[in-house]
Structures are given as C-alpha cells and as structure tokens.
C-alpha cells in the first residue's frame, strides 16, 4: 500500500529547523560563546536523541562532552550515545547523571572498569561493542546521529572547520550527520578569519564554539625506546628474518605497542644488515609513531597513511610530504576510515594482545573491565573480499591451501600476533580459556569479546619461536603449534613434545636458530634509537616530544 | 620471599668448562645469576630466591631446559629474582654460559 | 620539647648571647671556664639555600674571629626545604657548602658538637647535626628520616609490617633512641644539661666512631664489619 | 648512534666500571660471590642483591691507580642501605691508607633506602665524613653523574662535598626529587610529570651552567673516561680560604638569581644568547653557547 498523500517525508528537516530556531537566540550566527553552551545544548537536543560525541584516539570534544554530561536530566534524558572511543570521565558521567541511557561504542580503554560497573548497575544499556568500521557503517544505516558534537582545530564564522593533523573520525561523523538533517556542533581551539584548509565544509556545520581550553590530546602512540627489552628485540628479529623477509612484506599495518616499536627500531640496523632495505616495509598504515622516524630517515618506509596523528610529530610529518598524506596547507590529514580500509587490504597485520588461547583466538578483555575493540579486528582479519594479488598474499594463500587441501587458488592475508609468553608480573599470555568467556557471562553479552579470531591468525611469534598456524591442517595441529611456542606457561608445559618436534621438522614451528636468528645479538645495541633524544636526533630536531617523555 | 632449591642432571655429555661469575641485576622484571663451580657429580644445583610466589613448576622447567640445552654440570647457580619472566631467565642463563664458558 | 631559649639557659647557666635571626640561631655561651660558639635553627626550620647560607656565614665568622673554639649546633629542622626554587638555585651545593664549612672548622681545631633539642630530619640533619664530631639529643627530641605512613606509601609495604619491624629493630623507625642504638647519637642527655655538655666537651673526639658504637650497641653490626673488610681487602 | 658510542645511562654498574677503566684492570672488593647483602631486606620480604647494589674495587685509569665505586641503578633505585653505604665508606677510608691517584664515584641514586632508612641516613653521613678525610689527604674524589636515577637525597649533598663533578645532560643533581616536592607542596609547585621542567631545574646542563658541575659530557662512557682522566691528581684543597671563596660565589648566585622562576631566566641572566635552545643543543654546541658565561664557584 502506498503512503497517504499527506504523509510527511521531511519530518527530520522540519524538526531540525525548529531546533535551530530555538538555538538561534544562543548564538551569533553560527558562533556560540562558551558560556552559552549549556543553553544551546538544551535548545537543540531532545530526549531520546541519538547523539554522537566525537571520541577519537587522540582528539576529544572534551568541552562539549562535559557540557553534555552536565545537562538537566529532568529536561533531557534517555539520550542514545554513539561514540567510537570512551576516554574521558565525562563520557560516562552522562550516563551516571541520567542524561543518557543507551550506548553503542567501539573502545573504552582507561574507562573500562567504570564502564563495566555502570553496565552492571543498570545505568547503561549497551547496544553493541563494535569495531571502528562497523560503527562508522552504522552511522549510515540505523545509527544515524541526530546531533553530533565534534572537535576541530579552528573554524571560521561560516562554520568551515580545520581539523589539523588529527582529522581522525571527523569526516565520517560529519557526513553521517549532515546529510540526514542532523545538527553538528563543533568545539574549536580558535575561531579565525580563514581556516588553513577546509576539512569539513561550513554548510554542514550548525554551530561552532571556541572552547576555553584547547581540546584534549593524548600522546598515546609514543613509545620510549629506552623501555624496549631484549626479549622484544629478539622477537622483532624473528619477525624480520622469519616473516618479512621470506614473505617479502612491503605493505603492512603495525600495532602500536613496544613489540612493533622494536621492529621499527631495528629496521635501520638488523634489516639493513640483511640487505632488506627497499624490499620490506615500504608502505604502512599506522599512526605517525615516533619510533618510525629512523626507518623513514634510513629509506625503509616510503609511505604512511595515518588514522590519526601523534603529539609532537606535527613538524616532522609536515617536512616529509612524500611520506605522509599532507594537505595543501602542509599539515597532515588523517582519516580513520580510509586508514582502516587500507590496512584491511594490506598484506600483513602485526600486533600484540593480552591473552591467546590454544586455537590462537586472542582478546584484550580481562575480568571486570570492558576495553572494547577499536581497530585491531578490522586490521587483523582475513580480507575475504580481496582480489588483487601480491607475493606475500599468494604465498600465504598457497601454504594455507596445502594444509587444508583446498583446490581453489586464493591468497591470504598474513595476520600475526606478537606476544611474550608471560607478561609483567608473571601473568601468562597463553591460556586454555580466554577471560572473554567469563566476561560474557558476567555482563550478559551474547558473544565472548574476541579481538582477533584464531582462524584469521596466520602466525604467532613469541620469544620461543614462530608458529605458522595457517600451515596446520586441523585443530589438533593448531593446538600443538600454539603450545609449541607458549614457552613455560602452563599451556606451553602441556605440549605433546613429539607432536611439537614433528611440527618443527615440517617448518610449522620455527625456533630462532631454525631461521638463523642469533639470540646473543638480541641486545639493545641493535636499536637504531635507544632514547627519545635519539629519535629527536634522527628527525633533525623536527620531532618535538611532549614534556613527559623528555630527559633533557 | 620464597626460596627454591633443587638439583638437576646429570645430563649426557656435560660441558665441564664453565667457570664462575655473575650476570644480570636485581631490578624490576630482572634477576641476577651467580655461577659457582662445585663438585656435584655432574649435577647442577639451583638456589633461587624469588619475590613472586607459586611458580615452582615454571622455575623447574626453565632451569632444567637450560641445563640440558647448555649441558651444564658441577655448578651451583644462585638466583636473586625480582619478577623476571622465563624469557628473561633463559636469556640471562644463556648470557652466563657464553660469558663463563672456558672460564675453568 | 624545649624552646631554644630555655635550652640555652640550661646549657649555659653562666650566660649566653644566643639570639634568633629569623629561624637561624647564633651567639656564644659561657660554660666552665670557656666560651663556645653556638649555631643552630629553630621552629623546625626547613633548611634550604637561604638558611644554609646564613648558617655557613655564621660558621665562617666563627673561624675568622674565634679560632679553635668549640662549636655547638642546636638542631631543630624538619629537613631540607622542599621547593622548586631551592632546587633550582641548588640545595645540593648550598647544603654541601654548609657541611664543608664545618669540615674545615674541624680541620682547624674546632671541636664540633650537636644537640637535637626538638626535631631532626634527613637532609637538614645531614648538614646541621650529623656533621658534628658527636651528636646528642635531649629527652623528647624527635629524629627521623620519614614518618611510617609516608614510608609505607612509598615502599608499598603494609604499615603493620613496618610497625612490627620497628618493634624489633632500630633500623627504620622514627625515634632518637633508635639513633642511639645505631651509634649516630652518642647519648640522650639526662640530668643538668650544662653538666652533660661539659662531659661531652671533655671527650674531644674528632674521629668518626659511629659504626663501632652502633656495633657495640647491637643496633648496626654490618657497617663496621663491612667497612673493615673493604679497608683490609 | 651506534658503533663505538657506549651509553653510560644504559649500562649497569659493572659495565660502567669495565668500560671506564683500562681494559681488564678492575679488581672488585667484596664481590657478589662473598654475598654481602642487606640483612634488613629479607625481613621485609624484599629481594636482595649479592653486592647490595654497589660495586667497589680498584683498577687503573690511563695507567694511574684509582679506587672506584658504582651504584647499580636497577637495584632499588641505587638507594643507600647499611651495607651499601659501608662499602662506600670503607672504600674512601682505604683511599686514605693507599693514596690512589683518585677515587671515582659513579653515583646513581635516589638517596636513602627507606627499607633501612635510619641506617641509610647515618651511612650517608659517614660517607660524607670519609669524603672530607680523603680530600684532607690530598686525594681527589671525582663524582660522575649520568645514570637513570640521577643523584638525589643525601647523596646529592655528598656529591657536592667532593673535589670534582662530571655530569652528562641526562644526569640530574638535587636533594629532593620532583615527586617528593610535588607530593609535599602540590603540582603547582612542581609538576613532576613535566620532564622538561625537571631537567631544566635539576639536569646536567643547568648544573654545569651554574658551576656546580666541572665538566659536562655526552652520554658516552668514553667521554666520561676522558673527562675523569683529565682530573686525575687534581686535588682541590678544602681550606678556610676556599670555603670563603665559595661562600662569596653562592651569595652572588643568590643575589642574581634568587627571584628567577625558571632555569631559562637564569640562563638568560647569565648571558646565554639562545637560552630557549639550551635543552636541545648537543654538547659541543652547548659548550660553545656557554663558553663565556659559566660560573666557577667551587670549593
């Protein structure tokens, strides 16, 4: 049956117009004074609205998030918050104070313990925990924001926004909101006559407000080389000699822990000594981690697309436009969506995790704490829609097919988990059963929160060796391959030594000596930079580390 | 603190050339390892003081594995541990063997 | 706890000229048939660059004007001055300078005594007090490195564990008696203070015997033995 | 960034000594095999180290006989306990008997070990007395600071009681640590997380510019070695005249800089042309910047 002729097809637009009319008295054109923000939010947000609070890895709309959390819950309540990253106390205050009640999100990091508590207390009704790409996708399906609170570096009076290098989620949020008649309120560090470049066009933006303090940015990807251990260096050597070299990995995504930082820091020394410059690690999708500087400067890494920026790297990135994606104004533009897509279709993902079970499933979930997923599952999963070929992809595919007996020629993405068998305080990384199962029960989730599924993993690298899981032909073999590199953990001690020896003979398990890695060379002397100061030197003083990382 | 004391070996074809010395330092996640020759009928005696309790089995496994790998014999190996992981323990024992081999 | 005036009156029944200049004390006292110089602090002074400089000026003045007379330090310090300015200007060089002034005085024949009459804490005590040939305390005087709750917080050891250890060992807890047991405080003066001071002056010991004393008191047996082993290695 | 460069900061106490002295010349006193560890730590359930966190002994530096001590940075923050302190005191007393060309102290410490606080404090006082006796005997005591703990607490005072100080820009010298000041006086007084502030206030370059350190070197054991060699046999007599000189200099320092809120202001007042760039400058460049302005006010 066709809708009646007097059915309204523009309810959203008309409702938005009413809201903007209410908001007009609290703004001067598009510009809102900081002290009027509470009044504006009460004017344009209605109970039950889906509100997107821009929460990235780095940049946070902290001023707006705080104002939202302080709204009068008698007037506005039951908001549905859709937000990629919960990082600030105010992101949860909004629930504790009864302004919001429903949440869809990706990652919660430091707020994980409090989040779990609020869920148990019934203060938060969680729709789902997503990966980044899933949540962005839902902005354009069933989770379109009614109001979005975003952050940018600067704005002009017409609402044109410049995000600076931390563009991150802003384009996805803005597009999903603006083209469904939603309202965008942007907090900016400064209002200027002309923005250096337009990252979000002004006609998408309803209001801009200059926050009393610049938006909060956390240098979360800075790893001090001084803290890299010999064990991490040993594993990095194994990755380079045992994986990057034989698979000729040129396009890849690195995680952001100390393990991958160790790889980056021995590219100019160890990989160079193996003659691998130009042959591996040419293109990466990763934030501009300072530990990449020596690898860039020595000609290993030629191109990097970033999901976000990193504090202190601005000038260095600006001075390397051939390597990074910089705008006509000279500063970088990041974009988490495109970075995730590029990484998903690259040849290799390598990252760390907290727990691995005997089938190679991994999780960062620990009891009483919900950390969520972020981007690792999108990077760290088989890209089944991939069609273009490359050497590493074909080689991994062929090895997989041999193990399973598949006859359809197909490539495979390399998904590598790099972990020490024990983490600090002797907590074992390997476990018979992931804590995720317990967490599922405790929080009444429908699935255990698994970060990377075992069947997507091709290799596990530990200090004991490399397990090529994609070369295993059945679950029993996979289990022994995992146990065979699980060191002296309980999981490792329960190995069937004959089965493990057999896997080693077949090259499914490789010890350092099997791939010609000399364990005695695994010292900090191998690091191209041993300190933050060394990174600054490599950068020609362009890199300016945040004060907390300095010892000068 | 917990002190573990046990002997391992003797292993086949023991290397009797390893002398005395110290590697490592007692610091967070690290340990010091003292090698001292002693007449133990080709066995190796481990004396381990550790601040992390409940990993007896792990210590046995790590030390036995290293003793076999490097064919250790006639040594008292005393360890002061401040929470080192087995990876670090193995690394230190390897460094000790490399440094003190031929020390007798 | 004694006020400095009352302390000086008791130490020097024949009279004294000790006076306070801010938190710094100096002057002279008459005892027996001799005059002795007095320097010190009051009101739990935090010793930073300013007070260290004033005290060292007083010590230099004594060396210049009254060669060889005994110097008595009156100790009341809560420790070094905890501030950014003092560390910027240099607590290290200023407090070391004070110690050097005393060290030079010792080599020039000044007998150095100190008495903790109120409280003595770590950094301040090092430069004013423990630098003496011999250190004494009056009853009720407090000597410590750090209060136990703070120590528990920093070492991450349970307070009860620290308290239990304090009952059996002088090694870490606050208290002048602990410093006696460890040999750092010669004795806690009992009886008329002028008599105590006269006895102390008569000893004329300018060698560091604290380790031996600590060993003989049974509170600190390792230090003397180890230092001897090193000397004789 | 590689090759012959050997980071002092990165090395353990034993490695620092081995690299600093003439090759294979070091003889350790009371080595780990003798097991002179702290009797107080096991009572508190704490791990011990066989050397109680300090390595002492003798050896040769450019052919000259020296006594040497190095605090191990990783063991309890290089802190001074009863045994640790007595090893150092004993070494200094030995110097008076044996008259080496110098005593080298590689200090890397947070100060008193709280687990044996009273014994640690007294030990530091004994070290201080012993340092003065060595100086009195005309033997130079040379302090080297370039480790991760800096040189803090009572040892921060003792360090300035010695003849000479060599520091790297990574080195720090103070009495109270930033965390202690922050805990006592609040984050407005001292933001301990602001590491740039920490280094401006307490770091090697500031101490060198103020004249508290005699030499500043890059973070390289060989540079420390060369600097130490240059100071062999150079004793500074401690006399009334020398402390009066120092007193005048410190008075002058107070007068000129007492109101400066930040090290940068002091450097400007000293006449450093490009004060803002002091932290970033490499040592040769820094030495050029500071050549005509550095203070000399040492006793």
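Note that the chains take the letters A, B, C and D in the order they are written out, and that residue 1 is the start of every chain.
To be clear about the criterion, contacts are C-beta pairs under 8 Å (C-beta built on N, C-alpha and C of every residue); 3 or more make two chains touch, one makes a residue touch a chain.
As the structure is a computational prediction, the values presented were derived from the model and not from experiment.
Student: Please state which pair of chains has more C-beta contact pairs than any other pair.
Tutor: After counting contacts between each pair of chains, the winner is C-D.
Student: Relative to the centroid of every protein C-alpha atom displayed, which chain's own C-alpha centroid is closest?
Tutor: Chain D is the most central one.
Student: Measuring centre to centre with CA averages, how many angstrom lie between chain A and chain B?
Tutor: Centres of chain A and chain B (C-alpha means) sit 41 Å apart.
Student: Using the average of all C-alpha atoms in each chain as its centre, how far is it in Å between chain B and chain D?
Tutor: So the centroids are 34 Å from each other.
Student: Would you kindly tell me how far, in whole Å, the mean C-alpha position of chain C lies from that of chain B?
Tutor: 47
Student: Could you please state the distance in Å, as a whole number, between where the Cα atoms of chain A are centred and where those of chain D are centred?
Tutor: 43
Student: Could you list each pair of chains that touch one another?
Tutor: Inter-chain contacts occur between A-B, A-D, B-D, C-D.
Student: Note which residues of chain B are touching chain D in the complex, please.
Tutor: Against chain D, chain B makes touches at 1, 20, 22, 25-28, 30, 32, 34, 36, 49-51, 78, 80-82.
Student: Under the definition above, what is the set of chain A residues touching chain D in their complex?
Tutor: It comes out as residues 226, 269, 524-525, 528-531, 533-534, 536-538, 541, 547-552.
Student: Applying the document's contact rule, which stretches of chain D touch chain B when the two form their complex?
Tutor: 12-14, 31-33, 42, 45-50, 53, 72-75
Student: Over in the complex, which chain D residues touch chain A? Could you list them?
Tutor: Answer in residue numbers: 1-2, 7, 9-10, 169-170, 193-197, 199, 203, 205, 279-280, 282.
Student: So in the complex, which bits of chain D are touching chain C?
Tutor: Per the stated touch rule, the residues are 29-30, 36, 39-40, 43-45, 56, 82-83, 85-87, 89-91, 93-94, 97, 112, 114-126, 128-130, 132, 136, 153-154, 156-161, 173-176, 180-181, 184-185, 189-190, 201-202, 206-207, 210, 212, 238-240, 242-244, 246-247, 250-251, 253-254, 257-258, 260-263, 266, 299.
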